[in-house]
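Before anything else, here is the set of structures, which you'll find just below.
Shared chain: chain A. Partners: chain B in the first complex, chain C in the second.
Entry: the complex of A and B
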């Protein structure tokens, strides 16, 4: 049997293919229905000891997204006591400076009383057709104000104007951020608390 | 090989030549030698034949607009290993002519054409000096500093229009046929009829006579849209019956002038762009670019970051070689079975990449001085399971499936042969070079990062045919597994980034070349900094682009059906070829 492969190469190849073919059925029969369309089933099929059918059948099934997964930035706001939305963004412009394809446009607000620039964005635009999902804006934002999203199902019926996201589309609550990136959010909150301590 | 090839004579090199021929490049931050244009051929011949610099790795040029001259830069190596011989020729911008080195180093062929195309430096004596990436009617040479692209805003990013008074401009509204597009004089897009590609066709070798039986001579265009060309790539083939007389590759359909974009970008902004050169090896591309810039900055990478970097580079190699062997079978005509078996492992590695970097293919994981985030123990456990259990098992299965398969062997053995001498002369790199029996691997020949501490073998083939390339790739997966096992054993804890994360890095003026042994060959970045936040010159030594130089010599005399497999065995990715 040892030298079988050397003498009957094609037969041995066909054996591999046949093994794959029967294995898919055997694994399904043994593991049963819970192998498909269940979270555990999908997780089990991604392990290094998986056998049988490998494909995740999107959209019926979906791969779990790792926390660091990144698609398109959004702006985080804290919810105030009376339901007001306090954007963390201070319009410092670092994200727009570091952006490789230069898809971020920020219009800094001016204080109506003094006429001086105030630390808020009056307008904030991201052209998602240009964005290359590199994550630099989130990485280098000193105020944890811009973060990368997890929502990758972005198809729509229009393009052009509708693909230039403004503040209304970009703003998302901090609770949403905590739900998609719990570990990162906790770490950043701890770091901010640490920073605030000596002053208090 | 003389004695001079074994010792390193570079210190006294200037004295070896008559005075005035060669001088040291003494600009701060620069190294190498400046050779007088009249004596370039003589110098290169001496270096190749008497000093053993037989491998011309890279040819490029940079434009010094303020000084009014071009530097044509050559990087030559010895295939027995060791540091580079860097030599340059300086020519004034208005008289940009340099003697061609194609006769000495045939591997300079495409690279000189690229320099002519993008920089407008004419190479005297080049046998086929046509544009290679741009189309024939293109006006100007885009990498010159005074050339401006459509949608030109400013010379360098970040653009002032983005902040603090940024108003978005819809990309659809920006008319590309407006003010800063240059056309040849008298060009009218409405009336323009593409020229017949007479230059291209007339450059093909032909035979008129067949001894055995009467056959017709044909010229066949394979591609640009052809399922076997791995993208938009065209091969113009002249045939005698079914036999290939000559072949000319035509590329550039995916050209986006990566290098011009990069010269507008800041140093850091280029990192995600290097991912997009080659979707299967983004980690290696990151690695090479980070090395090049770190060399200029003089940054020392922390220990743990180095381990993580090499870990990622080797996982990339495993993944790429699986992909390449799988799709070689696809080119052989077995359709998708083998490729899909190969892709399973790739998918598991991509899961790991996604977990640590956030993206499956466009990883953007390296930073200057380290990596962006740490690798958790769970991920290391996953990698452990892969290299100790899954991949060796699958590799055995792959072996049983393919290695002794008579059909594969008949199609691949003795096809597309490249001898060792040819492979070196043609500047091929990676598995192609090693399959021809040249034990040249940058990880060994010029170790970077922590490769000098790792134990692995440089795999070589004996015959230089497609079957050997397949064997080399499979054996390299095994070597990579070996490396990953050592890394998992020894990985220390500690910081993963030197210094604080900074979105603007200060890069001292000078030039540097960082290279790694990517899965497809030597991946290198040539960078010139002038101390500003943006690179003055940024050049990619794309391994598959230069490996394609060997396509025509490999294909001559083969059957037309085999040329598809020969191309498949080079393992090209058009994003990197066309840049």
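Entry: the complex of A and C
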């Protein structure tokens, strides 16, 4: 039996695999159903010393996204007192200039009374199939108007029709921004308050 | 087997038989079995392929969707995951592989490069969107899409497969289907056989001694840094 390991090396290795297989059932029996589809369960299964099945069963459960996770840019608007949507964007065009793959198109609005350009976007398009999720637009925006979203469920059947986002899909309230990026939103709000304070 | 996925709500089953009988259509049964065994072709082009590998590994586990069998041959695969930048040199091979796949076949353009060219959309050597050459079923935005976004794209494809009808699908129509024309990579302007001839013609006609003298003179005039020592 001294050469057992040499002769039956494959068998002993398969034994390890078999052990893992049975271990998944043992762990599930011991830990119970709370291992799946709960926040604590996902957190426990993410750890490096986890045992048993650690697959994140995506449509039913999701890995928690870190705050700095970024997919697409969106436009932040402040909600006015009467429910109006005050876009922070001034159509300055810095985001479209810094965009490396050039996927942002902006049309500046004109004031209907005077005919002069007004600081609002009339149209704002982002081709989400070109966007490379770099976050330069959010980085460079001087008005905190464009921010990176967390929503990654964007796949679709067509490219031109459904994958060029306009203002209606891009506009999201500031409360949504605060919900996905609380630390960033608090820091930016503090910086704005500091700037707005009259100099002593 | 999910009952809401298979049974057809239009057909009324009598109350006493509801636990024994399930009614469905051939379309639903066929599509249900088809969508749960979509085998991808095993090839990756760029960084998106790394995310595809991550999606196939045990953390996200494509096997839950019946898609874990990556086939190295186009003859055995159902879906082509164009995962990454498609160069002009690669597109003839991709179209050829697409033509070699058996019907029904699907194409997923994964990531910005495959969908539209992405950051290289105006590049000299990159195809700006694989949909100009082969029919794409699902576009997944992202650079690269995370494994979860890829899974969402595959689920979108499953929804498309579910919605197809046996009567209308192209691969059950009469006669053979037309293959997609394979693009031809144009002749390269560089011809290395002529390079020696060109180099011979362009060499300056200066003798070695003359050249050395010219360098010395230049050094004395202060045009070139003089040698030390």
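We take it that the second predicted complex is superposed on the first by the 175 of 200 C-alpha atoms of A that agree within 3 Å, B and C clash if a C-alpha of one lies under 4 Å from a C-alpha of the other, contacts with A are read in each partner's own complex, and residues count from 1 in each chain.
One rule holds for everything that comes next: a residue touches a chain if its C-beta (ideal position, glycine included) is under 8 Å from a C-beta of that chain, and two chains touch if they have at least 3 such contacts.
Fair warning: this is a prediction, and the values are worked out from it, not measured in the lab.
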{"item": "Clash-or-fit label for the pair chain B, chain C on chain A", "value": "clash"}
{"item": "Chain B versus chain C as contact partner of A:164, first or second or both or neither", "value": "first"}
{"item": "Chain A residues touched by each partner, larger count belonging to chain B or chain C", "value": "B"}
{"item": "Chain B versus chain C as contact partner of A:100, first or second or both or neither", "value": "both"}
{"item": "Partner chain(s) touched by A:155 [first = chain B, second = chain C, both, neither]", "value": "second"}
{"item": "Partner chain(s) touched by A:57 [first = chain B, second = chain C, both, neither]", "value": "second"}
{"item": "Partner chain(s) touched by A:133 [first = chain B, second = chain C, both, neither]", "value": "both"}
{"item": "Chain B versus chain C as contact partner of A:16, first or second or both or neither", "value": "first"}
{"item": "Chain B/chain C common contact set on chain A", "value": "54, 100, 102, 127, 129-130, 132-134, 159"}
{"item": "Sites on chain A touched by chain C in the complex", "value": "54-59, 62-63, 71-72, 100-102, 127-134, 152-159, 163"}
{"item": "Complex interface listing, chain B residues touching chain A", "value": "157-159, 161-168, 170-172, 265-266, 268-273, 276, 337, 341, 344, 347-348, 351, 354-359, 362, 364, 372-373, 382, 385-386, 389-390, 397, 400-409, 501, 503"}
{"item": "Chain C - residues contacting chain A, complex", "value": "58-61, 64, 112, 115-119, 121, 129, 131, 136-143, 145-149, 151-153, 155-156, 160"}
{"item": "In the complex, chain A residues that touch chain B", "value": "5-6, 9-10, 12-13, 15-17, 20, 46-49, 54, 66, 68-70, 91, 93-94, 96-100, 102, 104-108, 117, 123, 125, 127, 129-130, 132-136, 139-140, 148, 159-161, 164"}
